[in-house]
Amino acid sequence: MRRFIYNQSENIGLPPGTVRETAASSRTVEITLTDYSLQHCHEKLVQHIEECLPFQQSPSVTWINLEGVNPSVIKSLNGHFQIHPLVSEDIMHSGQRPKMEVYDQYIFIVLKMIYFQDGTDEITDEQVSLILGPGYVMSFQEKPGDVFGPIRRRIREGKGRIRGEGADYLAYSLLDAIVDNYFLVLEKRGEDLERLEEGILDESGSGVLQDIHQFKKEIIYLRKQVWPLREVVSALQRSESSLITAPTQVYLRNVYDHTIQVIDSIESFRDMITGMHDIYLSSISNRLNEIMKMLTMFSAIFIPMTFLAGVYGMNFKYMPELNWRWGYFGVLGLMVGITVGMIMFFKNKKWL
Amino acid sequence: MRRFIYNQSENIGLPPGTVRETAASSRTVEITLTDYSLQHCHEKLVQHIEECLPFQQSPSVTWINLEGVNPSVIKSLNGHFQIHPLVSEDIMHSGQRPKMEVYDQYIFIVLKMIYFQDGTDEITDEQVSLILGPGYVMSFQEKPGDVFGPIRRRIREGKGRIRGEGADYLAYSLLDAIVDNYFLVLEKRGEDLERLEEGILDESGSGVLQDIHQFKKEIIYLRKQVWPLREVVSALQRSESSLITAPTQVYLRNVYDHTIQVIDSIESFRDMITGMHDIYLSSISNRLNEIMKMLTMFSAIFIPMTFLAGVYGMNFKYMPELNWRWGYFGVLGLMVGITVGMIMFFKNKKWL
Amino acid sequence: MRRFIYNQSENIGLPPGTVRETAASSRTVEITLTDYSLQHCHEKLVQHIEECLPFQQSPSVTWINLEGVNPSVIKSLNGHFQIHPLVSEDIMHSGQRPKMEVYDQYIFIVLKMIYFQDGTDEITDEQVSLILGPGYVMSFQEKPGDVFGPIRRRIREGKGRIRGEGADYLAYSLLDAIVDNYFLVLEKRGEDLERLEEGILDESGSGVLQDIHQFKKEIIYLRKQVWPLREVVSALQRSESSLITAPTQVYLRNVYDHTIQVIDSIESFRDMITGMHDIYLSSISNRLNEIMKMLTMFSAIFIPMTFLAGVYGMNFKYMPELNWRWGYFGVLGLMVGITVGMIMFFKNKKWL
Amino acid sequence: MRRFIYNQSENIGLPPGTVRETAASSRTVEITLTDYSLQHCHEKLVQHIEECLPFQQSPSVTWINLEGVNPSVIKSLNGHFQIHPLVSEDIMHSGQRPKMEVYDQYIFIVLKMIYFQDGTDEITDEQVSLILGPGYVMSFQEKPGDVFGPIRRRIREGKGRIRGEGADYLAYSLLDAIVDNYFLVLEKRGEDLERLEEGILDESGSGVLQDIHQFKKEIIYLRKQVWPLREVVSALQRSESSLITAPTQVYLRNVYDHTIQVIDSIESFRDMITGMHDIYLSSISNRLNEIMKMLTMFSAIFIPMTFLAGVYGMNFKYMPELNWRWGYFGVLGLMVGITVGMIMFFKNKKWL
Amino acid sequence: MRRFIYNQSENIGLPPGTVRETAASSRTVEITLTDYSLQHCHEKLVQHIEECLPFQQSPSVTWINLEGVNPSVIKSLNGHFQIHPLVSEDIMHSGQRPKMEVYDQYIFIVLKMIYFQDGTDEITDEQVSLILGPGYVMSFQEKPGDVFGPIRRRIREGKGRIRGEGADYLAYSLLDAIVDNYFLVLEKRGEDLERLEEGILDESGSGVLQDIHQFKKEIIYLRKQVWPLREVVSALQRSESSLITAPTQVYLRNVYDHTIQVIDSIESFRDMITGMHDIYLSSISNRLNEIMKMLTMFSAIFIPMTFLAGVYGMNFKYMPELNWRWGYFGVLGLMVGITVGMIMFFKNKKWL
């Protein structure tokens, strides 16, 4: 549950824009540089951020991808690319809300990528920051991973339009890859929801309540990620920054549509799970009531018979029936009659 | 339930605008060409999309209708009509959210048509895409069907104003036909709702809970289709594109009104079904409570009598009442008295 | 319930603007013409719509009121007054949502009038269409009725300002009369709600659940009528059409205030009925629980006594108590003691 | 509950702006005139409205306060001050929604003042109308009362800035006095809510449900008054009328803040009472369930023992146990064992 | 709960802008003056407010911090700094809603700081008012406290950018410190929520209901504080006042983001606690139902056996079974059979 609060308290009292040394500071950062144009494509693993500078200034598109966040690397970027200290701070601290900020020289985007922890069924998120400047894109991933692999391959192999387009198209592609991942997660959850619904109809499913609770929590979590994501993409698309060209805006509109679809699905899930919770409660209660009703009626049938047996178990001296020849069998017959009568009464009342 | 997620995951990692070969690819596509003006009307089944080109360039209105989607046909359209690759992609993949996009040369519209699967009671949807260009309309249906039959007939027979109007009026007519189908579905569902309500009052209806759940799911589904539909029609009506003339805008306002009516009805249904669920739960619980109360009172009447019988069934040596002449009958009388007294007590308390 | 769907399906497949012959077609239409200015007032029953034309062109205000809708009459109006075919269609088909449309030559308004079916307690609605042109107003009522009677009287007797004002003031007066009827209906319902609330507190009221359901349905229905009504009046008031003069706009603001009051009342009713439903459910359940608790405690008191009687009803040979002189009375005393003890225990626990 | 509908029906059919003779017509009206500037302050009770006219035309600020509404007085005001007939109508009929209307010569404001009926705990409201013209303010109170007393005193004693400011400042002061009264009512209700909450935790409180219902109704009522009040103050503050000077607008902003605070408090109350209702229902149900569980377990303990006693009460000839020397005491011991065992079982299951 | 109403009633009837003598009036106020620029930093404790004046007029940044509110001090500030009387009033009375007001010479900000009462777990709030003028900031704290300590230290030690920036940056820093405190409180509450959730799953947790109620109340309270806070920061950021420079606006955007994160967290908490309440109620009711079901089935098994024992306890003369050699054991066997049969029946029905 901790992930429902943005983690800010550790920064309290520090001047804004402070890039603090954290536990993660000593982690190594893998920096990949990709420089390409229609004619060439150059990829290399970079040791020091300074190696990227000449590429950045060239007219070709430069993509600097950092896996892992490390204060010292961020700081040196800070210097070379004239990044605002608040941006550096945001990149370093993973508890950000998705947002877009237009600065004079670049656009800064923070996003949450969501995916399933390898092999497990649990949704994890990872903060991805993008800086789109003139002719370059910097992307910062919290953890190593290959979500941008297909894009790198497309650049390398010259598939699609990406090699012929500018840095804004690259930023769009990265954005698109992140949004696409939401669909993967939602599709999996859609199947889970279907299974859960069957479990409810089954009437056997214990643990259903727990599952519903889990699902609801996840949806609260996803909504919290997706609504600001939508704002980000919308702001990008409507942005008047010269960094984003008109043709790319058509593609951003497409990403925006996808985001809306993600939101639509999540809202539908929310309505579905609420509905399922209601149905579950109703059916649980119906079923229990049915049992209680059956048992109560069962008791009710025996009550007058037991009473009758009690009556003839009394020890009064003068009880004429006790001496009748067929008294016993008469009482037995009476009991059968009571039973039949009560069952018929219940049937008649539609209680049975 | 799967239909609650837009199907996007299969495209992940592909460059945008990719028209992939899918299972549906080998399906044949039926292309119908209709070219008309006030003076003439020409209909033919087309083998290759190229045959349409001369008609498109003529001043008369050209309607190219494709039933079934096939990547290669879409691709060749792509080339001949300068369609943006993202549009081709959207036409091919049926998981789109209703939307309208204005491009320089044409307006692209994606809609969901809903109808009942033949003979069944289940709502199906089908994606219909429209491209409105200068002097031509292209319509793409996922599956063969005759929803546009009446319009074709009106063109052929010259009924109404359609022959004298331009391509925008044709697009409006197709839109109108699609929206009208919603009314058919809603009217059917309105009757179902009425029947469901009677079932609830009947108090017999098992399966009611299941029906309510189904209804609620359907309404979630319909809302998800209709709200973006409203946006599409509203955007079309307010569009300043030169492709849509002022007189047609009056007609589009009419379609917009219809869409609002559809939304109104769906929202009313939603409120109704929620209300019915509440009433159902209340009445189920009332009824059960009534039964339990009756049975409990029934037991309560027998409890003191059984106790009394127990008392006189004890085997103490010195129990004077046992030897009384009328002891037995006295006790029987006492029991009758208790019964009468308790029933009167219950009546007095208004429990009975 | 059928009234929750706008009735559109019968028009499907027809060209827009079609005025179809319906069952109602042969119904006679009563056309009343009222022509007035500050100096004169002329009323007559008109046989053919053509008789109205000379009045319409005169500078005085002309009010043409049609009771009953008849396609052929509408069609001839259509011709003489240059009414858009979509307007004719809307007038003919009673399933419209309240709306206002500004055309070049006139303003078209569709409204729902609501009232109680004579003598009954059921709310009915009737579609009223108004066309406000330069110097004339046409009003179309679905059924004969006298809702506009007071206005006609005011014109005839020259009461108030109506004779000195233009056609827009007449249109305002008709609108005002329709909105006023909502108050009548709401006041009646307010009293019903009060009675219903007393019924709930009474705790006797069976049928309360049914009443609440009915009330809720009615409120859903009324909201659906009133919200678009508000839009209509608001659009009229803010309209920049030259057909509506500045002084009349002050009066329209007044009608708008009334509409808001109607909405306020309906929303309050909605909150009230929801609250009452909650209270009803709570009190029903409280009451039943009270009964069950009482009965269960009643049983609980007898259980140990019956057990005790059972013990001394056993037939063991060696049960010393059975032979004691005061054994029987001792057991009876013990039973009284148990009863008293348990009642005190229950009182102590505040269960009684 | 009647106060949830604005009372309009009595006016139906009358021309707008009609000031009808009502039951209240013969009531006397107390007219107080206060004329002041920095130098002088003149107060008097006025018999005929005409006496006010010379004061109104003087450059000093004139405040005409009417307690009680009387059609003939309103009518004569109507004439002397050129008030729009709709305004006169609104002043006369107390069922108005708070609103502000800007006319050419004056601003018209209708408000609801709320307060506790003397000595009782019930909220009453009273309609207060204000007309702010150049150099004068007219205020209309439905009933006599001294809510404006402190302001009169401030004028008389020259306390604060009021004597040095214009008519707009006076109007602000009256508004402020009315809004302040809301705080008095809310504070009282806040205390009631606190007491109610304690009652819920007490678990003794019968009548709590009734109180909650009452509270909810009151909140529905208050919200209905306060939201339009906010609109009024907001419109006044943003108004560009020359009647309101810039320094007064700063004060109006203050009143606006107060109104927002009132709304905040009411919304908080609403959330609180909803929460309390939930908690109340949960705790009532928890408590009852606890009782039922206890009683059911109590019964369950006796059931096998009673059965055992029944077994040895059977009259079979050959029941060897009956003749055993310690049979009786063995059975008694067995019974004790069963009791202990079951209690331990319940404890183990955490049911006890 | 009293804190849910803004405390205004004590001012009723007083002229606006009155700074009343209250109980707190005699409390001493600690005034700290900090004057700094890039070159110097001067701190001192001030006895009389007049000592600050020369600093205020110097070009360096002057920060006057008042701990404790005292009418006479506020009044003298009032005179020296030309503060509007309404501002003085707002500073004095702690029941303000967070707001920002732009005056000609300064910006006035009221905020709520929230923190945990020392050592306890209870959230307290304190009103903090800021006045940002040209070259100076005045801050008013209700109670002594060290929330601004880190900022004072940063100024003193020249850490960060604060010494080189203007008064607007100082105001931003104070704002930031206040918003940061919200994170501290939320993080603590996040952990509490987690513990509460475990308590619910534990099924042992009594007092859970009380905790949930408490939590809900706190969230209502926090929302009421945070939403206006957001408005304040947003208005500040978008403000066009010359008092706020462009670089500071970037920092204010950062504070705004934090505020949104706070709101996000609170809204998530709200959804979470609602979900947990639902789950709690469901699981409580499930658990109780399980117990009742078990006990009822337990009773149901004994009912026919007890009846059987009753039958053979009857004293009829002619009951052949009584004389059978194995009658007793046969009945015992029958009883075992009934028990086994019923258990199997229950298992079969999946009731067990």
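Here the chain labels run A, B, C, D and E in written order, and each chain numbers its own residues starting at 1.
Definition applied: a contact is a pair of C-beta atoms (placed from the backbone, for glycine too) under 8 Å apart; a residue touches a chain by one contact, two chains touch by 3 or more.
All figures in this text were calculated on a predicted structure; none of them were measured in a lab.
Common partners of chain B and chain D, by the touch rule above, are C.
Chains touching both chain B and chain C: none.
Chain C and chain D carry the same sequence, and matching their CA atoms takes a turn of 70 degrees, rounded to a multiple of 5.
Averaged Cα coordinates give chain C a centre that lies 42 Å from the centre of chain E.
Distance between chain D and chain E, defined via averaged C-alpha coordinates, is recorded as 26 Å. Residues of chain D in contact with two or more other chains: 285, 292, 296, 299, 306, 310, 313-315, 319.
The cyclic arrangement of chains, taken from chain A and going next to chain B, is A, B, C, D, E. Partner chain D is touched in their complex by these residues of chain C: 150, 154, 159-162, 173, 176-177, 180-181, 183-184, 186-187, 190-191, 193-194, 197, 201, 250-251, 253-254, 257-258, 260-261, 264-265, 268-269, 271-272, 275-276, 278-279, 282-283, 285-286, 289, 292-293, 296-297, 299-300, 303-304, 306-307, 310-311, 313-319, 349-351.
Residues 1-2, 4-9, 11-18, 84, 86, 95-97, 99, 101, 204, 209-210, 212-213, 216-217, 220-221, 224, 277, 281, 284-285, 288, 291-292, 295-296, 298-299, 302, 305-306, 309-310, 312-315, 319, 321-328, 331-332 of chain E are the ones that touch chain D when the two sit in their complex.
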